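Letters A, B, C, D, E and F mark the chains as written, and numbering starts fresh at 1 in each.
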C-alpha cells in the first residue's frame, strides 16, 4: 500500500495487520552533469514503490522525506538543504504522528550518504525524549527505528560492481543515475560530455571546498555509463531485498 | 523546468534568465472515505507540473513540500503533521538555500487551508531574521515571498461551483479529489458509500473534537461526485492561472 | 474581573464558577502620523476592560500580550516585533500556565491583523504538543482556544462603515485611532496634516517595501476623522459583542 | 515620552536627541492575600510613567514586558510564567527591534527579583550572538544593556525601612503593594485578614514546595500596612532616582 | 565516590543509600596574566575531589560541567563560551539523565560568578517543564536543585581576606589562582609581571568593553600573591564546608 | 600546550604560529562491570595529553567535551547524555568561540562511537549556518572541522588485535578499559567476575532494549584482560598517530 494515494480507512485496515511503515528519505542536491537534483529522493521512492507493486499486502510505503542534509552541495545551483537540527525536528514530528496511530516500527529507506549521520542522531533524539519522560514513556510502545540505505544490500552492491566494474564512484554514481533513468526514460542524458571521464576521488567537507575539489559535482564516477535498462535491474534487486528486510524487521 | 528531474547545469542556465521558483506545498492528512491522504500535496504538484508541461520555459517547479500542518486530522490514521515551529524552521532552510543560489522570488503554491497560517508566519520569520541582521541584510537581495492556494483563482472557483453546485464542501472537497483522480485514474473510488451524502459543516479545532464532529473526515462535501474527467478540467484551469500569476509575480 | 489588579484568592474563587479567560493580544507598531504605536494592544485592552466594567461577574480579563508580529512595520521607529517562533513559544507558556490552574477555554481578543497567522499557528502548536503526548494528554482537559478580532463583529463593522463611509482604511484606521483617543482624550491629534488625505491601498510584504509603498505608514485610511466621541461608540458596540461572544464560548 | 501612546514621528524625533530607552519589566504572579497578580509589572510601569511625567523630555518609556519568570508561584491561581528560554528569546527580539531603529542603550527597569537571573542571562545571550557574528557585529553599534530594580536605590531602600520598620518582607512586600494602591486607590484592600500577621521567612525553590512553605504566598511581610499615601512617597522617591540614573546611563 | 572513575554497579550501590550528587560547574575563560583558562572549572573540581578523598562514603562527585557562560571574556584568546540558552538546554539534559536514575538532589558546585544567572535560569526552566507537564510531574519525585559557589562559605571568605588583605580582587583573584597552583604546582607562575600591581575595579558588560576596561583581564586583583601552599589551605577549608553543606542538603 | 592549564597570553602566542586546536570529545556512560563511566571521555583526554607531553610545541589540547550522546546506555545508573540537538548547539558555540580567536582548524579527537553521528551532524550544522549567511561567511575564514576516533589508526587497531586476539569487543572493550587503568592504576579492577567471560554481540537500539540484550553493559568484550601496562602501550601508539595526523591536518 502507498500511503499518499491511500485513504484513511485503508490505513486503519493496515494497522489491524501490521504496525510497520517504510519511509523513503533522500535529498535534493546536485548529481553531476547528467544526474537529477532529486536523485537521492527518487531512488528510494522508486525502489520502494516497485517493491510495493510486487508485494502490495506486505509493504506500506509512506510519503518521501525528500529534502535532507546537503550542505556540502550548496555551491551547485538547485541544491536545497535542511540544517541537521531542522531535520531532526521534522523526523521527530513524523515519528510522533505515526506513533499516535500505533505504528511502532518505522523503517527509513535512505538514498543519501550525507543523511546517515543526521538520521542516526534523530533516532537518538527520539529515544532520548522518551527516556526523559518522567513516567517511563520509553516502554510504551516498544518503538523500533531502522535506517537502511537502498544500495546497502549484498546483492545490490554485487550487481553494481558487475555492471560498473570501473567508474561506479561515490557521488553521482552510475547506479543511482541509472535508477532514475529507469523511472524517467524520456529524460535519459547518458551522452553528456564529462571530463575527465572518471571523476576524481577525495574527501568531502564544506560547500566551497567541495566545488573547488569536484568542479562538476561527481566524485569518482562515470555516470555516462548509466542507462534505463541497467537501472531496472538494480531496482529489481534492491526491491526484492527491501521486501525481505522489512519482513524481518516486522518480526523483531 | 522541474527541479527534481533537472541537473544543476539546467538550474544554472535558468538563473541566467529568471530568479523565480514555484514550490508546491501541501499536507499529508485524511481526506474522507475516498480521498487520498496525499491529496493536498498532490493537487498543487499535479497542477504545477501540468502548467510546466504547457510552458516549460516559463516555470521552474521545485520539489514538493509535502508534509505540513495537519494537527486537527491526527485522529485519523495516516495523517502526518509538523508542529508549526518545525514547519517554519524548514521553510527558513529551503529559503536560505534558494537565496544562496540567487532565487529572490519564491512562490509557494499551496494545497492546504490549514497551512495558510504557518506559511504566512514563516514569511514573517524569514523577513524578521533579515531585518534583525546588524548590517541591513533585508535589502540584499530584495526577497519576495508569495503564497497562492491552487483553488484561489476566480476562474477555478467559478468552474468548481459550476461542476459541483451542491456538496463541493470545504474539506475532502469534490474538486480536490477529482484532481487527484485525474492524475491517478486507476485509483478512482467514486462509488464509495458515504452517509450522509453531503457531510456536515462546522468549525475546526483540535484532533479529538474534529473526529467527533466529522466522523468520516469530510466537511460539507460530497466527494462521490469526483471523477477524473472533471479533475482534468480543473487542472487545466488552475494551471493556466498559475502560468499567468507567476509571470506577474516575476515582473514585480 | 481583571487579573492583573486582582489577587490570587480572587482567581481561586473565579475558577469555582468558570474556566474561561479573555486575553487581549496586540502589537507595538507604527500607526501613521497620528496613531499611537500601542494602538493594536490598546484597542482590545480598552474594549475588554470596558466590557468587564459592564459585566464584572461574567468576564475575567487577563494581562495584555502587547508585543506581537510587526516585522513589516520595522522600518518605522518605535515598532517592536517578536519573531513568529518566539511568539508561538510565549503563547505556549501562557497557555501551559493557565491550564495548570484549570483554565480550559482561552479566548484571545486580538487587535492586529498581522497577528492572525501566528496566533492560529500557535493554536496548532499547542494542540500538536498535546496530541504527541504519549499518554493522550489531548483529552485532559478538553482545551478550547479561540481567536476573535475586536472589529470582527457584524455590529462593529457596520458602525464603522456608518461613521467612516470613506477613508476607514486597513491600517491606522480611523476606528482604531478613535478607540485609543476615547481612552486617552488628552492625547487626541486629529488635526495632524496628512497627504494624501486618504492613504494609498496596496499589499503588505516586508519592512523595506512597506515603507517605500506607504511612506507615512497608513494604508487606505484617513485617520484625521478619528475623535474620542466616535471612539466611545465603537468601544461600547464591541464591548457588548464581546460579552455575548464570551458567554457563548463558555457554554460550548 | 511614553512609546505606546506616541506616534512613530515622535520616536523619530526622540532618536535625534537620544538613543536611550527605558523598558519596565515585571511578572504576573501571586502577591499574597491583598496584593495584585500584576504587582511586579505595575510597580516599574507606575514609577517609570510618573518619572516621565516629571521629566518628559528626558525619558522615553517603552512598553512593559509584563510576564516574566514566575515558575515558583505557579501553585497559586492566576500566576503566568514564561520559561527562561522563552523570555530570553523575547528579550532578544525586543532588543533586535530597538537596535534596528538606532537605540543602543536599553535600560530594563525591573520589578521582580525572580527575573534577575534570566534578564542577566538574556544580556549574555544578546552579547554572545553579536560576538559570534563572523564580521564583528559586536562593535557596531556599541550596545549597552542595563538592569535596575526599582527598589534598588539607596533612597528608596532607606525610605521603605523608615515606613515599615517591621514586616516589610521579601515577597508581597508592604512597599510594592503600597505602590500599586497609590495607582489604584479604589482597589485598596489593606484590611484583609492575614495570619500570622508577619509571614514566615524562608528560601524559594519550586512551585509545590513554595506553596507548602508559604501558604498564603507572602514571605516575611505584613502588607496590611500598605496604603496609597505611603505608596505615593515611594513612587516619588524611586521616580527621581530613575531620572538621575538614566541620565547617568545615557552619558556613559 | 567520583562518578567518572566509578563503574555503573558502584553508582547502583550508591543510589541504595543516597540520591544526592555534586556536579562541579565552571567556565573556560581568561584569568589574567598568570591564571589558567580553566581556573573556574578546576577550582570546584579540585575542591570537590579533595572533599571526596576526605569523606568518600559521603559524597558522589559527578563529571565537571567545564564550559559555561563567558561571553564577556571572548576578546581574550582561549575563552570558550556557551550561549545561555545552550547552557540551559545542557543542564536540562544532565538533570533529566540523573532523574531517570533516581537522583533527586542535585548540588551544582560552582566556580564562576558569570554562571550564576544562567544556572538559576536553568533551575527555573527545569522546574517549569515539570510544572507544565499535564499530569503533575512536578511532584514525582520531589526534585531539589541547589547552587553553591565554592568561595561562598563564611570560613572560606574569612580565610581569603586573612591571606590576601589587599588585592584579592573579583576576577583572576589571588585565591582562585592559588587553588589551581596547589593542584598543579609545577605550573606556578607567581612571578609574572603585572602592571598595575593591583588591577582596576569596574563593572562588566560585553566582551569588547571588558578588554578595553581591563586590558590584562584582571579585575581588582593582584594574583602574583598566589602560591600553592595558600591554595592548599583554601582547598582544605572549602572542602570541609562542602562536606557539611552537602550533608545538610541531603537531609532536607 | 594544554589550554585549560595555560594562560590567555600563552594562547595568544600559540595563535601566531598555528590556528589548529585538538578537542578531546567523549561520553559519560556505563562501561560494564569494571570500566569507568568516564571511559570515553578519559581515553581521548589521556592520549591527547600524553601526545602533548611528547610534542608540546606541536599540539594545543583544548578542554574535553566530556558528556555526549549516550541515550542507549541510560538504563544503567550513572550514564549522562545530551540530546543530539543540545550537543549540536554546544558544538556550534565552542566552534563560534574558537573561530572568534582565529582558530580555523578544529580537530575533534573522539572516544565514543555513539558520538560519531551527532559530531558529523554538528559539522553540517556549522557549515550550513555559514553557507546561509547572506554575505558569504563560508569563505571567511576557511574553516576545517575534523573528527578522528582515537582507535581509528591502523597502528592502534593492529596493536589491539595483537594484545587481545579474543574478546576485544565493541563496547567496554579491553583496550579502552586498559587505557583508563594506565592513567589510574590505583583503580584497576581486572579481577571483577563476569559471566559469560566474553559478552554477547548484537546491535544497539534504545536504552531499554540495550539493557535487556546486554545485561552487564558489555558488548562482545572480555575487559578482565585489561591492565595498566597494556594500556600504556596503546596510549603510546595512539599518541604518536595523533601527533602525525594533526601535523597533516594543520598543513591542509
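Basically, a residue touches a chain if its C-beta (ideal position, glycine included) is under 8 Å from a C-beta of that chain, and two chains touch if they have at least 3 such contacts.
These figures come from a predicted structure and were not determined experimentally.
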Problem - Chains touching both subunit C and subunit F, listed by label - result: A, B, D, E
Fill in the blank from the handout: Intersection of contact sets, subunit A vs subunit C, gives B, E
Problem - Maximum centroid distance from subunit B, chain identifier (CA atoms) - result: E
Fill in the blank from the handout: Taking shared numbers over all numbers used, above half giving same and below half different, the subunit B and subunit F interface sides are different
Completion exercise
dist(centroid_CA(subunit A), centroid_CA(subunit B)) in Å evaluates to 24
Exercise for the section: Averaging only over C-alpha atoms, locate the centres of subunit B and subunit C and give their separation in whole Å. Expected result: 30
Fill in the blank from the handout: Between the Cα centroids of subunit A and subunit E the separation in whole angstrom comes to 47
Problem - Touching two or more other chains - residues of subunit C - result: 74, 81, 83, 85, 89, 93, 97, 100, 128, 130-132, 135
Exercise for the section: Sort the chain contact graph into one of these: line, ring, star, complete or other. Expected result: other
Handout entry: Chains that touch, pairwise
Key = A-B, A-C, A-E, A-F, B-C, B-D, B-F, C-D, C-E, D-E, D-F, E-F
Practice task
Enumerate the contact residues on subunit D facing subunit B in the complex.
Solution key: 93, 96-97, 99-100, 130, 133, 135, 137, 140
Completion exercise
Within their complex, subunit B touches subunit D through residues 128, 131-132, 134-135
Completion exercise
subunit E contacts subunit D in the complex at 69, 71-72, 74, 81, 83-85, 88-89, 114, 116-122, 124-125, 127-131, 138-139, 142-145, 205-209
Fill in the blank from the handout: Note: in the complex, subunit A contacts subunit B through residues 3-12, 14-15, 28, 30-38, 41-42, 62-67, 74, 76-83, 85-86, 89-90, 92-94, 97-98, 100-102, 180, 184, 187, 189, 217
